[in-house]
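Look at the two complexes coming up: chain A is in both, with chain B in one and chain C in the other.
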Partner chain A sequence: MTIAPKAPRKLSMKARYSALTRDLDWDPSYVPAEEMFPYTTFEGITIHDWSKWEDPFRLTVDAYAKYQAEKDKRLYAVLDGFAQSQGHLSLTDASYLNAMKLFLQGVSPLEYQAHRNFAYLARHLNGPGPRFASLCQSLDEIRHAQTEIHTLSNYNKYYSGFHSYLHMHDRVWYLSVPKSFFDDALSAGPFEFLIAIGFSFEYLLTNLLFVPFMSGASFNGDLPTMTFGFSAQSDESRHMTLGLEAIKFLLEQDEKNVPLVQHWINKWFWRGYRVTALVAQMLDYMLPRKVMSWKEAFELYFEQQMMNGLFQDLAYYGITPPLHVDKAIQEKEYLSHQAYWILYQFSHAAAFTTSIPTEEHMDWLTEQYPDTFPVYRTLWEKERKNLENGGRHFIRGLPQLCQVCQIPMGFTEADEPFVQCQRESIYEGERYNFCSDGCKYIFDHEPVKFRQAWLPVHQIYQGNCGAADLPGVLQWYKMQPGDGGEYLGNVDNENWKTWHDMAETTGGH
Partner chain B sequence: MTVSAADRPVGVDIQESEQNRAVIEAIEADNADATVRHMPGMIRVQAPGRLVIKRESVEERMGREWETHEFQLAIISYFGHIKEWDDDEIVIAWDH
Partner chain C sequence: MTLQDTITPPPIQSIGEYSFPSRSAQELYGDDMLLHVWWKGNPWFVAAASFRAPQAMPFGAFWEALFVPYHEEDPDFDASKGWDQFDWFLVNGRDSTPITPSADATLADLGVSHKGVLGFSTR
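After this line comes the complex of A and B, so read on.
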């Protein structure tokens, strides 16, 4: 076989990028530019020259389609192989899937929302460079939503909690945490959205969200999730670049943009960081086989890479690290313990299950958190006594929620593990409660927006959630018996045992 | 404490796969100060200040043509700033 000599490439990457994105742009002649792009002035951001926007990836539509198709082909080969070989039986334990239930209910719907808003940016930003980058990201995000749903749909055939995730996303109390976060971004202007999602979420926090989930999947036998995760993350590096370009572009365009951008960084760091509380407890409590602690992940992906890397770069423009970042650093020692303790006590009203950590698990937590976990261990030891007396405890009342992040107010002051942190603001005669200084700061800047928050607990009390009693509300959530509560003895746990006994006695499945 | 852009680490996370081995070997060969850390399913390569991925080095190890766009199939995440991405090389470094 002769190999044909490689045809000379007609254009270099640079020239191709310029021809296929920049050269396809035009100046409007029938309408003024501000009528064609009506949304890029009201936020107070000043842009002098849209052509200064750089896309280091130099991605063109032909290359985009070629590589995305290849990514999907690789992923779907893995999904088929896993389903055909009964791969779900090789997970470490059925309880591992709690992390994936949370992911499907809480994160996948956000991918879809991101798709929508990037499609809007792809139409409404003035420059062709950022419009094309946004278009690619919009297509990426819908690919992520779809591939995540396809990947996890295989588990829905065998396990509880995976059905009705979209319905739940719009209604359930703990899912209002990620939902309200994204709704806040969707209802902001295009530049704030770029800093909120493009920069703060994609660049600052995405590694904390995705890489632990994917490494957890890899360690716990979940090949399909690992593959979709890495497939999605490969797009994510482009998204990180868009976020970083966005912030540098805004800062370089006009000095007046600096304080606006700084405020958005302050706000969106804290908004995003609060959502990662769900990831923190997942890493430390939900994975049968541990990858790394939240504390270690936070140090590696945030403190080392962002505080010691990125923010020194941004200091050049007069940008300082986000306000309240010191609180997040303090909280790394106890965030996961408090978040899981909340979920443990409310999982009877959730579509995932929880269980008391085993002795071995608690030893691992003590090793990872020598200064703080011993305090929480005493709580679990008390709970062990309850369990021995047949009294697995769930909280029957409804908690106060933070007006901004919507997490039940269970976080404490940094050095006082039993003193609840509670902040408040009075706005037009009404009092609003917050879990932290960070959330209070956000409310105080936009009280008119945040007073409208759809707080699940308030909504239940106002009679807007199907019924006034728990079974009625759970029905309104479309939760089914077996979706939530205690893991041990739950339908997933019982099935798991049956399937594995069966595999032993019949010599395979 | 401020550390100059030349010293602050930059890095890239790459999926661990048969194909990507050639990419990782090329990065190690072209970046004398690079360190490699294995994590579940992935490999992290980091270096002080600057990391370069060269098409020629990858092609030499892979035994076939490789365009730099193909790096999109390998990369999971990175830290630093993508300073250059053209037909011949990809450079990750801090600006300031």
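After this line comes the complex of A and C, so read on.
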């Protein structure tokens, strides 16, 4: 008679998680804790008990690898199918890809930077719970960078503006907006980074930053990007939870943390909000088939979910909505019009194209923005006449930039639609210019940090960008003919028409 | 020209000494400066223009060499009417100080300093 060996006792999920994560932690005996974790005191945050950090997901490394491998397999199957069936021809229009160019040049490199900083947190936070959560997020972020690059690489075979995106991210004027935003977070301490990226970027603004790109993809026939969006979604909900857990943990540990956290919320709401100007114009102007207006997105994802939801909960801790949020709410009526007007007149120096909105498009904008768009429509009417006379509105020079957000200073006073905000501070005898009270507030608290800003216009004038003339600077940017400028008549537009004519005459593609 | 500080920042929280110079300081431009030229109330130009110019550049030369080539991209701008078609002022946030340009007055004489905003509006 044989006796079957007893099956090994299976641990419960909770016990297993504990054994594979927190149980692997130890107290240092050769060195003091401050020497092992040297970066968690200088910001002034007080933590009494790291074990109070809750881990709602209870993920382990083996489970993580298994889930992610399955998701990647599905994504890569879609990418292969799309490439083999010439799926790019079923997009709404080649101009849709301007949104994806912006995403690849501006956002994907930030995923990589997020990976780096979460890896740093995974080493340097004192508690094993937040260290492990940071490790998972660090892995997510590098996967997102890689899968985004793979997803969009197919378009690089057929369309301009997708090459050299990393090179451009480090050099080009409009990409200095997202780059400097993230550099600001990377050079902060670990707790500020958690509020900046974990909370403000991944929780407060995430639905305004990522959802519009992914919905835009699904509305415009971009199956690969949409699939990437789905594949990232479960990670994103984990990131949101980490962000929320981080802020609650800091607030519950010590009352002295509250004013520090409040200042970081003020700063990082405005920093992140300024970056969303790129999203606003993408939603209202770049997508051939519209998902929703910026105003609708802002009302739903920010005013309803954050102002009426999150900040009601945070009031319990003594946290108030971010400073200058009232200005962002006013700007929802015109942010996208101003942001696209900037990109339109500088797109000869960009790796995406722009075009005057069609009458139908302008009618849609009038419906969405009955109080403000009619004013901006007069600008487009002037441009239409200009085009009829053989012109095209491209600026013949360089714009004034904001020292903090680095966006050309095209945002206006709330009460005067055509008067740009001019703000300035003088520090150690030097003047600095700002686009808003929000950006001035940020500078005034950390002038020594922000006076180091690498402002593209100031650097061009110092001779640090390859040449003193535009063609030379564009070469230094690695831009090629066809990358930027006017969309109509551009190589992408011409190819698109040719390929579709071919498909029609051969009865399909 | 020395400008009076307008802010007093809180102490810096950092892991070591933290003191780095400005990447846009006037010294980096030799005898030149950066100036911002802002057509207030004209939305055709989405933002003020930025120029690098000698501090000793006479306003007349500035008008010819920098101002007109940039602004004549606006179909409604008529350079032949000269600079008297505009009111000119120095900008400080929402405040401004009127100035009266003349061909021989240098930019510095007019009170324009590094990264200052030279504003003008249609009369």
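Descriptive notes on the structure:
Please note the rule applied: the second predicted complex is superposed on the first by the 500 of 509 C-alpha atoms of A that agree within 3 Å, B and C clash if a C-alpha of one lies under 4 Å from a C-alpha of the other, contacts with A are read in each partner's own complex, and residues count from 1 in each chain.
By definition in this document, a contact is a pair of C-beta atoms (placed from the backbone, for glycine too) under 8 Å apart; a residue touches a chain by one contact, two chains touch by 3 or more.
These numbers come from a predicted model, not from an experiment.
Once the two complexes are overlaid on the shared chain, A:Lys14 sits against chain B while remaining clear of chain C.
When the two complexes are superposed, the chain touching more residues of chain A, out of chain B and chain C, is C.
In the superposed model, A:Leu278 makes contact with neither chain B nor chain C. With both structures placed on the common chain, the touch criterion links A:Leu205 to neither chain B nor chain C.
In the superposition on chain A, A:Gln305 makes contact with chain B only, not with chain C. Of the two partner chains placed around the shared chain by superposition, chain B is the only one that A:Arg58 touches, whereas chain C remains out of contact.
Of the two partner chains, neither chain B nor chain C is touched by A:Ala122.
Touch criterion met: A:Gln452 reaches chain C, while chain B stays clear of it.
Residue contacts after overlaying the shared chain place A:Leu175 against neither chain B nor chain C.
By the touch criterion stated above, chain A contacts chain C in their complex at residues 38-39, 42-44, 189, 338, 341-342, 345, 379, 382, 385-386, 389, 391, 393-401, 408-410, 413, 417-420, 422-433, 444-449, 451-455, 457-459, 461-462. Considering their complex, residues 2-7, 9-10, 12-15, 18-26, 28-29, 34, 36, 38, 40-52, 69-70, 73, 75-76, 91-94, 113-117 of chain C touch chain A. Contacts from chain A toward chain B in the complex involve residues 6, 9, 12-14, 56-59, 63, 66-67, 70-71, 74, 206-207, 210-211, 214-215, 218-219, 226, 230, 233-234, 236-238, 240-241, 244, 248, 291, 304-306, 308-310, 312-316. Taken together, the chain B residues at the contact with chain A in this complex read 2-3, 5, 8-11, 13, 15, 39-42, 65, 68-70, 72-87, 94-96.
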